[in-house]
Structures are given as C-alpha cells and as structure tokens.
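So that you can tell them apart, the chains are marked A, B and C in the order they are listed, and the count of residues begins at 1 in each.
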C-alpha cells in the first residue's frame, strides 16, 4: 500500500494551487457577491489544461487520470468553489460522456473544442419535477425520422448560460420508461433553445446556473449519443463519475476552511494567548483535521479505483457523502472559530460555508447516496474490506 | 541562441524557518520547496526568448535528488533539458565551479542566475560563474534584449538604473523587473506530462574544496511587544521616537 | 597582511557606507593586529578616512562610467600589492556587483550580509543574516584570502582617528567591451538603499492618488519612500519601491509602515531596520507583532496629524 503521490501528481497539485492563489483569490469575494462569472479565469483554466484534464490528448485534452483531476479540483475549491464546479460539470459530466460513448464525428466536432477549453459544456438532466430521479423525464425527444423534436424544461443547469454545447437527457419512448430515454448533444444557438435567467443562489454564486427551455428544437439524429434508449444508463454512469468531482470540491471547501482557521487561530489572540492554544479551539481544529483527512482518503481512493478500471460507484458515493458532510460541518465550525470576523465576507469562511451546502444536494443528494451505498450492501458488494 | 538558467531549490517564501541538530541544520519538516523567485524571473525571460527566437533553454541545479522536482517544474514550464550536478551545495564558489565545469562541455550564449537565492542570500553565483568562465556579467538585471550577438540590458543601481550593452556570451543576475510577477508561468498539464519525458541528466561533481562553512544557525531574539500609541496622541509617538528610540 | 576595504564615493565625496566600512575594517585590523588600507576611486576627500582608522589610502583615478570588471581588477590588484588577506566591501549594488569577481580572482572565500565584527579571527568566523533576515548563521571562511560584505547599518560609523597616508594607485587596467549607454539616476530623492528613514505605504492607502500622504511624510523626515508588494503589483508605485523578500531589503534606522498589513515576505525584507512603526486601522494586522511602535487608526487622519506635529517638533528643535 502506497499513500504517496507521484511527482507528476504533486506537480498538478502545485500548479492548481499556484493558479488558485495567483489568479482566483483576487476578486473572489466580489465575484461571489455580485454573481460575476469568472470567465477570464476559466479561459486560463482552459489554457492550463484543466478544462480537458482527463480527456485524451488525441482530442486536445491533457490525458491525465482521475486522481490528477481530484487534486486540481481540491486546490481550486479551497479558494473558489464556483470555479471548481464550472470545471467539474464541464469535465466529468459533458466531456466524459462524449469521450466514453460519442461517435468519432461527435468527438471531432464537440469534444476537441471543449477539451481545449474553447467552448464550455453542460449536462441537462434535472427538471423542475425530477431532480435525483432520472427515470422521470418529462422532457421529450420525439423521433421524427430524420431528427428528434425536443421539448421541455431543464432546471439548475451548471454552466447553463455559458455552455455552447449541452448534453440533454430526454424521453423518446415513454412506454419503455427509462429504457426509452436518450442523450443528445444540443447546440446553444439552435432554434428553440432558450436559456432562462441566472439563478440567484445561496452559494457557488459566481458559477452560472440557469434553466433551459426547449421548444420544438430539431436535433439531428447523429447527435444522439450511443444506441437508442441508452440515455438513462449513460446518465447514471455520468453521475457515478461526476460524484468524484463534487466530492473533491467538497473536500477542497473543507480543507480551505481548515487552512484559514488554523492560520487565523495562531494570529488571533484572546485572554493573552493565541486562540489555537485554547482547548475549545484546538479541539475543533483537531476534529477538522481528522475528518478532512478521512474524507480525503475516500475521495482519493474513489479516483484511484476509477483509474485502475475497477468498479467505483459505491466508493464515489461514499466519498461524496462523507466529503460533503465534512464540508458542511466544518465550514460552520470555521465561521465559529473566526467569530465576528467569520461572519463578514472579508475572511472567506462565510462564503465557504454557503458554498458547502450545495455539495450535499447536487449530483445526488446525501440521501440518494445513502440509498446507493445501502443497495451495494444488500447486493453483498461491501462484505469484505477492500 | 543557447541559454542556461541556474536554478536554486529553496523553501517557499511563506516557510517558517527553524533549525535542528543543535541549530546546525535547516529544518526541512513541512517545508514546500520552490524555484528560487529570482531564478524564476530569469527562467520566464528565457522562455520568452525561446518563443520569440527559438532559443534553447537548459536548466541546471547543484543539489541532491530532492532538487529534481524543482528542475521538473522548470521543464514543465518549458525548459528543454535539465542538468543536476549530484552534490550538496556547500558554498557559492563550489556551486559556480560545478556550473563552470558543465559549461566546459556545453557552451552557452547566455547564462541567467537569480541575483540571489532567498535562502542563503549570497548573491555571488552569477558573478562567480562569469569570473570563472571569463564571460561578461551584469547583476540586478531588470531588462534584457538581444539582437544578434549583442545584448542590451538594464541594471538597477542604488537610486537609479543604467543601460549597458555587451556582446554575448553574457551572464546576468536576474531579479523582479526582468519580467513581472504576473508574467510568471504556471506549468500547464501538457507541460507536466512532457516534463516527465524530457532529459534530466545527472552529472557527478568535480569539486571537492569548501571555502565557507556554516557553523551554526540562530533565530533573531524575540522582540518585545509593540508599544501602542493613541491616534489622538501623536505627540507621544514623536516623543518616543525622539527620546526613547532616538531615531528622529 | 593588511585589511583592505573598498571605500565608495559619489561625486568625489565618500559615502556614509564607506565610513561605516572603514570603521568595520578597523575592527578587523585590530583583531588581526595589522593595518587598514582603503581603496578609493575618483575620491576627493581621502583624508577623511583617517578619522575612521584607515592607515593608508590607495587613491585611484578612473575615466568613464562604473564598470564592475574594471573596478574589480583595481581591487584585486590592490589586494595583491598590499598582500591583503581580508577584504571588506559594502552591500551597495555596485559592491555586490563587483565583489564576486574579486573573490574568484583572489580565490577568496566570500561571505555577504555580515552583521558585525568577526566573532573570531582564527578560525575566521562571522555572523551573517540568512533566509532573507529570518535567521542568522555563523559562517567560517577557511581560505587564506577572505572576503566579507557588510550589511548596511550593521556596524555603525565609529571614529578611530589616525593619519592616513594617501598613495596614488594606478594598476594596469583590464579591457571591457561592456558599455553604459544611458544612465538614469535620481539625484534629488533619497534612495531606499541610502536612507536613514523609510516611509512605506500599503494597500490601506486605497489608491495611488493618496500617495501624497507618504511623500509628504517622507519629505518632512528626509526619508525615502517605499511600498508593499500588492501596491507595486497593482502599478500604484514603481517596482523599484517594492520592499520585501522578492523586492528590496531595507536596513534603515526607522521604518514607518502605513496601511501595510505585514505579510511574512514583507516583514522579512525590513527585518534589518532598527525601529519599526506601524500605522494601520486593523489591530489584527500582523505588522503590529513585528513593530516597535504602533498606532491603530485611520492613516488618512493619523498621517496628516503626524506631519503637522513633526513640523512643529522640528521647528522647536531646529
């Protein structure tokens, strides 16, 4: 068993840390409060290879593994969780699906500019009345022979306003239930695609979340991904990988809050000594450090399993559930450690606390992840220590 | 044009400085190492020459195997080859002589080394390389252009600057201003992947002597608490500076 | 066996650091029980060196702009002709430029940033600052020829009156194909390197338009102006004013920081300053831990008041 990162992994981690500190930190408070999209920074993330980090070099990506992806997301999330979710939704939802199951033409047309960071992608699954339950799609894609006719509404779409290419899940044959669902690549500029207003959110406020309306959108046949009826399975697989990204984001949020708190508690004094020397604070920091390390092990291991080609669904579920709970719990503690300073924007921890909440909700709520883990237990898959 | 950039592997600028082994060794525990900032300004300018005029850029460091991560970073940023002289850096003249020995085998038109490293702050290596190789030399370099065989460089002096012309080959002591902090490059993912495949040659040391050795380290005495003066009572501040501190 | 110092001058007059270096050289010469020789270049007041303990001045005339190769050759020749085995230089930009060339020419072990007279002369051990002023080390020079670079303000100027013999010194020069084409030297303002007092501004000043506060205070005190890294990064002030780990070191007698939070890199750069004053409205600013005197208050109110009070103080003490 080897817990050491390779030189390359360390280099990725250091590059992401440097990027976050030198490019994301400045202005992060203002972007959050005014909901300003970090477009310039995202373009730079493209140039650095973060926007196609796992995509193969053949399609303009960086060809790195899931662990590199996780390390980069963790560092970016410490400073700017909004930039992290932009990167995560783009990479693990949109790009991954096209690379794994797209046709050669789809890869050339869409994957290459996406992986180079020239275009942004998004994944349109959630609907006003179907969040985590992906089998209940009300958006329809009627087979018209030469094309599909797409109608419906998608909600809470990360990158919704900026994405040039959308990966849309829709019901083609309601009689077949989830076996009648398909996935399509839809271009933002097509007739009938309308992006709704930007959502005003609690956290990750500078990321770009919208609803998207589809009214009689003609989707060419060749834009369907995989065989007819593959959409539901694809969506499930996308979420399985996507969870690793969100788990890494949650881990980064927690670790960022911890680093700020550990530093603050040595600078801030009360009753004649640094607050880090008061047991009340020292114990909080100890628990933070331990919980974050535990979450980190789960997240890195899920990435490792994915990189090794082993099943990782339960591992990514555990990683996401644990890391998001740790992020929520300890960002609250971080605000507490900072006292009055923690409650104002200048000290960053209140933002991290608001950002943490979404990690328990999106790409499968905490409750859904418990269901997934429980199902794995029932199937006997978690019977042995692995 | 062939450029050699000398890289020192130093503790990150935010590192806490502590000593161990009876205050004879620097405590490396938990210390993150980086490319010496002054070297990085030089490396970034070298990358500019590479992109503009197709210069080749080699990087060199005198150090043990740990310094390889720092050299790999320089390769990830875009250097073509890395050379590590497999020796612990003992003093400036030893380092300069090792680099001179490597330069006997490979000739360079431009050698860039940081004005000083941020750990031992000697500020001698670039000048010593120049003296050993007989190359022209300029320190505190805040601007450098090269046309054919002629370099035009700006040197920062106390209270001003001067423009100096020199034929190549030339050694410069680099510092901030040669490029700006915002020009510094973060290695991109492809660069990191490529760095793995680029040559990193380890050469054995040629120098044995030592001219200067560190006997021990010490940390500055802890200073007393700050004396706070009421903003409504600036007279008191002036009186303290005059009568107590005796600085005005 | 003499001790040799390079006493720098400007416009024919010895600089203050030259007098400090002579005082330092005298201390070493006393330890080694030998005489002290100073080399000057284009200096008109060589006699003054006698006041600080110099026994002999090798006065050199030199035509043209400063050239490190040629100056280094003069120093090396002087050291050889006097069989000097201990050579001391200052930490000015020029001395730091030429000294490594001299060290190689004499095969001398060279230590910079020395903060006081040698701890012992045999073995030859000096205390120097390392890690950008975050620590000191005791370094031992084991070569026969030894070179030391003295940090500014580290030894002080001390009189040891004697009569200096002035000898004209005309060593065989070396040729150099490096040429100075333009020289841009501020003549009226005090430089950070030479200043006794430095007034420094940080992000707390909110914008370059408010720099008159820093400049007015500096003018009142005859001080140099400096700034923190974010300020130079944002282009409010030129890089030449940036003080800190990657900027300029400051070793003034008094350092006044206004609206500077005191990042560890900044504090490292000013650690050698003797007395530090901080004015900042954030009592949590790390600078308060590093400062000797502090005012928690709004710079926009405190600084004008300070200028006014200083002026009346100066009028009273004139």
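Following the convention adopted for this analysis, a residue touches a chain if its C-beta (ideal position, glycine included) is under 8 Å from a C-beta of that chain, and two chains touch if they have at least 3 such contacts.
In this text, all values refer to a predicted model and were calculated from it rather than measured experimentally.
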Original post:
What is the identifier of the chain with the smallest separation between its Cα mean and the overall Cα mean?
Top reply: B
Subject >> Distance-maximising chain from chain B - centres being C-alpha averages >> reply: A
Original post:
Hey, how far is the Cα centre of chain B from the one of chain C, in Å?
Top reply: 21
Original post:
In whole angstrom, what separates the CA-based centres of chain A and chain C?
Top reply: 54
**OP:** Give, as an integer number of Å, the spacing between the C-alpha centres of chain B and chain A.
**Re:** 39
Original post:
Which residues of chain B touch chain C in the complex?
Top reply: 11, 13-14, 17, 19, 37-38, 91-93, 96, 118-128, 130-132, 136-140, 142, 152, 155-167, 176-177, 180-182, 210-220, 223-224, 226-231, 234-235, 237-238, 240-242, 245, 247-248
Original post:
For chain C, which residues count as touching chain A in their complex?
Top reply: 284, 286
Original post:
Where on chain B is chain A touching in the complex?
Top reply: 68-69, 72-73, 76, 184, 186-190, 192-193, 195-196
Original post:
Residues of chain A touching chain C in their complex?
Top reply: 267-268, 341
Subject >> Residues of chain A touching chain B in the complex >> reply: 7-8, 10-12, 14-15, 18-19, 22, 47-50, 53, 57, 62-64, 68
